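Given below, in the form of structure tokens, are the structures.
What follows is a pair of complexes built around subunit A, which joins subunit B in one and subunit C in the other.
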Partner chain A sequence: MSEHADSVMNVIFGWDPVWVAGTLFVLTYAVIMTERVNRAIVALLGGMLMIMSGVLNQHAALRGEDFNTLGLLTGMMVIVAITRRSGVFQFVAIWSAKKVGAHPWGILLMLSVVTAVFSALLDNVTTVLLIVPVTLLITQELKVTPFPFLFTEILSSNIGGAATLIGDPPNIMIGSAVPFSFNDFLFNLAPIIPLILLMTLAVVWGIWGRKMHASETARQNIMEFNERNSITDVRLLKQSLFVLTAVISGFILAHQLHLEPATIALFGAALLLLLTNIRRSSESQAKDVHASFAEVEWITIFFFVGLFILVHGVERVGLLERLANAVLDFTGGDLTNTALMILWISAIFSALVDNIPFVATMIPVIKSMAPVFGGAENLAPLWWSLALGACLGGNGSLIGASANLIVAGYAEQAGHPIRFVPFMLLAFPMMLMSIIISTIYIYFRYLV
Partner chain B sequence: MSAEQFMSRDPVTAPADERVRDALVTMCRKHIHNLPVMDSDGKFLGLFGLRNLLRALLPKAATISPALKSLDFLADNLEEVIDSLQEVADQPVMNYLDREHLILCRTDEPIMEVIRKLYEAPTSLPVVLVESDGAHLVGMISYWDILAHISSQLGDVDPRLKSACVMNNNEGSDASE
Partner chain C sequence: MKLKGILTSTAFAREGMKVRDVFSICVEAGVPALPYLNSKGERRGFVSLSSVMHHGCLPNYMVELAMVLGNHLSCVKDARGKVRELMNNPIDPYIEKPLRSITSDTPVIKAMAILEKYHSSFLFVFDGEEYRGVVTAQGIAQRMLEIDAERE
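So, the complex of A and B:
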């Protein structure tokens, strides 16, 4: 707690800071879980109360902010907001549907793989926003029920998102807190992802795939789609693909370039804004830049802002260290036990509640375990367990990840609502299957 | 000068269970874009408009939000649109009311507010009396009603415009549009 020497805690009414911080933290998380009030409002209120009650001063609170996570999220959101206007994602979806002769099972397979790949490179929510409308169009044309398609896309988005540093918020947070590079994530997490996706698709084949059928005329309708017409702006397409490629190459080379991911993402966002706005009138620039910034999911960003302060508050009063010690007592300070416990608890928690606050809390907890395991460099299995557990756990229920809710919202509007219980009855066991695969992977790769 | 004075009274209406097919016949014959729909007690439920029909002809992916921005990539499939129309035609109008874009008008609203609402609304304005048991439709206001009313006050300033607008509105006097 060296960084806190500059400020003495002046908690209101002379109350015990541990109790004040702990109560604020638990209350905020409880209200977030009820989902009665928007999570950004709750987290921001909780964070500010942490300051106003005197647990942190504003200066200390700002040190709790993980600006790398905030910058990376914002930058990628701006880049994707601009890129999607070119129609490229629609192009890929339709192109892949035609590649398999518009056969329903083939389309499900292709769209799931496309969803997983996009989710690995972009935000999951963005990915499903791009894929689901095309899916609904195709299933309506084929006259098949969209549920198996949407169900598999939800699972694929969370599975694909687990593969990279930028794929899913838990990974972004872990990548910011620990000096792991984009490539570290790729080498350690991505290898197991294809197997998990394959097994998931095998189950989907067993449940729906083998019975899928569409009439010849319906398939012909899809084959007559002209995907080239979905590219609305070729210039914009070239500009955004250039920037997107540059940014992803930047992530891969970040370590050698001595750059943090947020710098690369925000640079990419600024560059793409420049390319798309140069030589336009100042009025039209203002309009365009405003529209691009407006597509940033500010709810997520402000949720993070509040959360980081809350977690920093409980960390500072020493609560998270106590939690870490409790975990270690339970696992007997054994690395294998601790890693597998983190994997399973993360998965179950993330299925039932938002995985973002859970991961935000677990990061300092795991960090403080370093001395027990002989230094920070030995914690890798714990970090990969947290990442896989939190990302894949999101598949356990409809509320497990934001992308799930987005898909459900779409399905509801289209007149094919996805219900909580039927979804969970199928998705939870499949999530457990992915965690069993992860357990074997982590055990044999890191723990024997 | 309030809404009550320039609305069209006794507009043509349709019962909630009327089929789209029959509603369209009425609308085509009387040149109405928006048909007020009433429940069995004569309470106003909403408007069935040609815009709602267009919505029903589109694939769902184009009308949910956020929707597909363009359907340019679809093949030229008139048969599909015809099939959709056939399917929709046998449904009751009740299934296609657009509550999201419905803007209502009170009888005592001033002319400037009525013009503002007409500018904002994609349909004509239903004029209703809201009572505890529901909304009673008393009239409809269309662009033409407003124009006819204003130009009828022109006096001798522009007799040509005056007679054209007023006559146009009277021709479709039992229509709301």
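So, the complex of A and C:
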């Protein structure tokens, strides 16, 4: 179908497309925020209603889908699902705890750094699912309260995730829409992340770290843990590490290879599936491939599918351009004001609601600001502000990021509930501290 | 081959019973689970030894990291006291659902298929409202051995 045919709108009852698209968009976001219905269901319903109401036809809706985001997320989820079966992540976590002589503060420090590094390379939810059981086991043995450990791991996970293209969904979306390469994220965002992590750990040390003690016997129990036993399949470990290394190298060399991140991630997933299934019976292959695909977070994928259609709908009727103009009116069309406003608003917003819909909306808004700032190449400070604000903002409350809720759920199951208000009283100021550091960084690196 | 010959009759687990009572019935009858009745005598699920042991003694993180644990663990201190505490707990928080049941005229092969489908080692047998007992993988294996012995 031609692009002209895509652009024809036959909105039901001859209603104004701007009103229909705007109402659907606001209603869908409002229902997502209530968290009463699964977000994937709401986004898909909203997206389909955008088509059924005539704001978009199916071909136009497909143009809104970002294959790079969907492919990158799915490919990495498959790779991580297979790799984690080898036990390598638990090995690293326990090995690092033993490296510091099982001293509580040393363990907190090591697990936080491991969490941040894993989060930069894997998705945050997977990272915390791997680290939290180790943390709970270790704190049980040391007879220390797990809250400071879990609290710091939540913060580290969102901080680490901000460092790379693949660390957090907002970065994946931004990297796909602009497009920035893996190296662009590494050179522009990663340099500030160690400082934010360091400052966060300094505050944690001030609150809890200096009072942490454990008995010699308890520490000895930790030293008796055998991390080598967590490696359940050495062949799988070698295959997974080979593919993971190849995929990350592929991201770094993507520009030279003329490949998009989604292609690299999906190729890596397919290669790992091939390596792990070669010489198996067809029945065993089917079972293994089914199990690997079942571990993909389909809720997130379908959430994106619906969201892309919704955002494309409001974009086509011109609503997002109007929103961009309103932002520019407010900031006086000044790049510094606009960048810092995006940084702070995205941080506050992401602390209170899901950052994915916010970023999905902001991407076309920022894109449409290009003419005002002299072209798309001058928008870099706005993109980095959005990335830092959306990723770090997730630390502001327990509901700010999926990983936070996963940790809270796991801790509650283990008899160590993390309450919303006490968490926020500590986490929100620390999130603000990270945004102040980001403000200084963005200002001096891009705006002076 | 029908189930009638390989059933193990047991009592019910009832609302308010202690863990020790349920364990006693299971151990005596050699079955891994019992159907559970509420105070009105209605079937409301089942209770299994493995579930009580898992939820009563083992946090999930310990299960996940079972392979790396050392031989000295702080949680095994005062293990006897903890066991006595567990035995004295009411059984009600450990109830699982759904209660899967078949009738006593079900062919054994169908029972085996259901066991396989749900990765279970037991099934409850009810004829209408009447409880007949538990069929277990061990019970089926025993019947197979008997058939084999008849041939000899």
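Here is the rule we go by: the second predicted complex is superposed on the first by the 441 of 448 C-alpha atoms of A that agree within 3 Å, B and C clash if a C-alpha of one lies under 4 Å from a C-alpha of the other, contacts with A are read in each partner's own complex, and residues count from 1 in each chain.
Keep in mind that, in the parts below, contacts are C-beta pairs under 8 Å (C-beta built on N, C-alpha and C of every residue); 3 or more make two chains touch, one makes a residue touch a chain.
Remember, it's a predicted structure, so these values are computed and weren't measured experimentally.
Engineer: Here subunit A is shared; do subunit B and subunit C fit on it together or clash?
Structural biologist: The answer is clash.
Engineer: A:E35 contacts which: subunit B (first), subunit C (second), both, neither?
Structural biologist: neither
Engineer: According to the stated criteria, A:N221 is in contact with first (subunit B), second (subunit C), both, or neither; which is it?
Structural biologist: Both partners.
Engineer: Can A:I94 be said to touch subunit B (first), subunit C (second), both, or neither?
Structural biologist: The answer is both, since A:I94 touches subunit B and subunit C.
Engineer: Would you check which partner chain A:K143 touches, where first means subunit B only, second means subunit C only, and both and neither mean what they say?
Structural biologist: The second partner, subunit C, only.
Engineer: After lining up the shared chain so the two structures overlap, which partner does A:A414 touch, if you call subunit B first and subunit C second: first, second, both or neither?
Structural biologist: A:A414: touches subunit B and subunit C.
Engineer: Which residues of subunit A are in contact with subunit B in one complex and with subunit C in the other?
Structural biologist: 87, 90, 94, 133-134, 136-137, 140-141, 221, 224-227, 229-230, 232, 410, 413-415
Engineer: If we count contacts the way the header does, which residues on subunit C are in touch with subunit A in the complex?
Structural biologist: It is residues 59-62, 64-65, 67-75 of subunit C that touch subunit A.
Engineer: Note which residues of subunit B are touching subunit A in the complex, please.
Structural biologist: 59-62, 64-70, 72-75, 77, 80
Engineer: Give the list of subunit A residues in touch with subunit B in this complex.
Structural biologist: That would be residues 85, 87, 90, 94, 129, 133-134, 136-137, 140-141, 221, 224-230, 232, 410, 413-415 of subunit A.
Engineer: Would you pull the subunit A residues touching subunit C in the complex into a rising list?
Structural biologist: Its residues touching subunit C are 87, 90, 94, 132-134, 136-137, 140-141, 143, 218, 220-227, 229-230, 232, 410, 413-415.
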